[in-house]
Amino acid sequence: MTYPLLSIQQVEKHFGNVSAVSGVTLDVQENEFFALLGASGSGKTTLLRMLAGFEALTAGDILLEGTSIAQLPPNRRPVNLMFQSYALFPHMNVAKNIAYGLEMDKLPKQEINAEVEKILDVVQLTQLAKRKPEQLSGGQRQRVALARALIKRPKVLLLDEPLGALDKKLRSDMQLELKRLQHEFGITFIMVTHDQEEALVMADRIAIMQDGGLLQVGTPNDIYERPQTRFAADFIGVMNFLPVTLSGDTLQAANGITITSTQTIDLPNGSAAVAAIRPERLHVDTQLDNNLAGDVVNIAYHGLDLLLHIKTTLSDKPIISRMTADVAERHCPTIGQQINLGWSAKDTRIFPA
Amino acid sequence: MKTDRRPLVLISPALLWLFGLMVVPCLLILVVAFFRRGVYGGIEYTWTLENIALVFDPLYFGIFMKSAAIAGLAAGIACVLGYAAAYAIASMPRRHQPMLLFFAVLPFWSNYLVRSYAWIVLLNREGLIANLARWIGFDGELPKMLYTEPAVVIGLIYNYLPFVILSCYAPLSRLNPEIAEASRDLGASAWTTFRRITLPRTVVGIATGFVFVFVLSIGNFVTPALLGGGQFQMIGNLVYAQFLTANDWPFGAALSMVLIIIMLGLLLLQAVITERASGGKAYTDG
Amino acid sequence: MERHTLMADRNTYRLMLLIIGIVFAFLYIPISVLVALSFNEGGLPTAWTGFSVKWYGALWQNDEILQAARNTLFVAIFSTILSTILGSLLAVGVEIRRRNGKWLETIIFAPMIIPDIVLAIALLSFFSLLGVKMGLHTIIVSHVVFNLAFVCAVVRARLKNFDWAIVEASADLGASTITTLIRVILPVLMPAVLAGALLAFTLSVDEFIIAFFTAGAGRSSITLPMQIYAMIRFGVTPEINALATLVMAVSVVALALSQRLNRGGLPGQ
């Protein structure tokens, strides 16, 4: 029988009466880039710290290659953590920081030096080996922290908001860099983040956490296109919600407008529900399964795309439609203009109200 | 849990030290105050309230009141001077403030006895001020300056002024200048702005300074002994005499107990005031 | 434009300068006179008879003062060592715990604000009742009481800006608790520990009241401040100006050094 690399089984964590993590069960495979995504207070960091060994489990077990590591102290676990603050040792230079972990393993000095040199090259810090952390930029510190954790070749590398402290431009560079390194080292990464975009871009699989539990686990595509709950739909990307009432196979929206969906929901006839549609699924001036008219109230530029805010009779909040640059050029939308939107039945998701 | 025991190993040696050599001795004073004085000094172990009653005997209580008056006077003047100095420092350019503050507090770091002694040199009958007076042509009889009450008050102010400057500067430096600017913008004069905006937000520093100077002064026995020349007694001198010369420990303990209660009461009050005031902290952070 | 904390137009600004001038004069004239006098050949404030260091030389000849200085050094060194160890450990322990009860905070804070006279009396009656023979050793243990609180405060101040994640990082990279203490916590805290030790040393050298009460009878355990007190009270000689200047210089230098040490703080501070 083969085991998953890491198996989290019915893990619970209570702080006094407060339950931070409740009944989380999850397997992470070898070589996977896994993201724990959630808002602050969702329990994602607590779960990560339990994997690292900094929080004791209240109940449950954590298996690494089939063997429990739940009782091992952090310094005995073949798992390393890259801290959110990077936690570089301020009194040691870059090379010393990176060598620290191998020194703890009592490796011979020459071997340590060779390894440090190798990894300095990989993260492009060779020139800065003698610098103290305070003399480095945020991005350089981040790479030192990464190198320091990677050099131990852990079975699993845990990353706590790895890009949180970086500015936006640097962040997107580092997203690709992290993926490259993960590939190069062939190490399983588990990353905690509150940034859904980051999770979608980087991870092979994502677990959305809320109130200490797992809401949904899946590939970025699963999570984005087929959110299982209204919360997940709202949390990931931008989503339009329209209040509706179930009536037979169709959805009854305000003003007698009917919305169709290929999805079915197990609720009695007449119950309230919400229909959800992604902005990029709303097409301007295209007759599709569902059609709707409204007034443009705002136009926001997002890089190449435009986001149109359209006031309709179906909801209090304006509906948001994403328009790509070339479409925008053809339509030239203006504020106050009336506009027709169409979308297919397969793009309507339904959630209980 | 395992991880919680480690800190206890770290803190218990120091805590034991503080417990054995601070808490227990202080409690001891409370106990001794209720015993009778032995015939040849020392302690006779029978309970009595006589010592406490004696503290409120007009003779001794008068000394208490006198000490409080002197301490209050010193603290009051020190607060006026200290606040003015702190305000002046806080209104200087930002980059000069640390240095000014440093030099305002520097004398505080030198030895207390030396600082008191410096005033003996100044106030002495043959001292600098007397010489200066003669030099500018004053040849009448100079009033006695050293070994008087004002000398004690000046000595106390001199010794504790840096402390008041520090405690007043802290809230002043945290003031958001835009709040005062807003007040001026809304039509208030500089004086009204100070009275209605700046002073209320920084009065905590004055309270802290006052309490500390008062507490340190009322129990002081060095300054009265050196600058008062033993001409009159303050409560600290009285306590000192009970323990080291009169050998009446229980009475000394009773005096100390009352003194401690006054001091701790005031310090507690100050702590409460500070805690109250820190309620609006988010606002003051500029 | 230079940013001011408080608004000041030209006239108030001048007033402020005047206030600073007056207060600084009040603070510095007395001790300056003292220092000047210590170099006065005649030794008296009546007249300046010429610059001389002869009173400093006289100190060197005075056996009582030398003995007192030796005692002071002895007390200061031992109480500094003890209080630095106890205070630093206390600071680390308290900061690791983070959530400390009110009583714990109070008991740690108390030695710094308890008036010396209270502690002095309490310790005197305590030692007397226990029948402890008093001397330099009782001064040392008494000085440790307030010194450890000051060391603790200095080290804690540093720990407030301490990134505890580096302790976890050390464990995560395979270090044991002891290794982490020696290789990570201690080196990072070292400036604060040294600053605390210097502060403790200075406080101990300067401390008079508690030493006075807990020294016991006899000349053998007289410290420098006690010697100064005796000299001021019972016969002022010109030597004392020199002694006072020296003592002042030592404490100011030590404390300035302590501040300096502690300022080369952590990165990003």
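Note that the chains take the letters A, B and C in the order they are written out, and that residue 1 is the start of every chain.
Here is the rule we go by: a residue touches a chain if its C-beta (ideal position, glycine included) is under 8 Å from a C-beta of that chain, and two chains touch if they have at least 3 such contacts.
Since the model is a prediction, treat every value here as computed from it, not as a measurement.
Hey, which chain is the most central one here, using CA centres?
C
Once you count every C-beta pair in contact for both, which comes out on top, B-C or A-C?
B-C
Mind checking the centre-to-centre distance between chain A and chain B? Centres are C-alpha means, answer in whole Å.
About 58 Å, centre to centre.
Could you grab the centroid distance between chain B and chain C? Build each centroid from C-alpha atoms only and quote it in angstrom.
Roughly 18 Å, centre to centre.
Return the distance between the CA-based centres of chain A and chain C, expressed in whole Å.
The separation of the two C-alpha centroids amounts to 54 Å.
Name the residues of chain A that each touch 2 or more other chains.
none
If I count partner chains per residue in chain B, which residues reach a count of at least 2?
Nothing qualifies.
Sort out for me which residues of chain C touch chain A in the complex.
Within the complex, chain C contacts chain A at residues 163, 165-166, 168-176, 179, 183-184, 187-188, 266-268.
Can you tell me which positions in chain B touch chain C when the two form their complex?
4, 6-11, 13-15, 17-19, 21-26, 28-29, 32, 43, 81, 84-85, 87-95, 97, 100, 103-104, 106-107, 109-122, 124, 126-128, 131, 158, 161-162, 165, 172-173, 175, 177, 180-181, 184, 190, 193, 198, 212, 215-216, 219-222, 225-226, 236, 239-240, 243-244, 249, 252-253, 256, 259-260, 263, 267, 286
Which of the residues in chain C end up touching chain B in this complex?
So the residues of chain C touching chain B come out as 2-9, 12-13, 15-17, 19-20, 23-24, 26-31, 33-34, 37, 44-46, 86-87, 89-90, 92-94, 96-97, 104, 107-108, 110-111, 113-115, 117-119, 121-126, 128-129, 141-142, 144-145, 148-149, 152, 177, 202, 206, 208-209, 213, 225, 228-229, 232-233, 236, 240-241, 244, 247-248, 251-252, 255.
In the complex, go through chain A and note every residue touching chain C.
Chain A residues touching chain C: 52-54, 73-76, 80-81, 83-91, 100-101, 104-105, 132-134, 148-149, 152.
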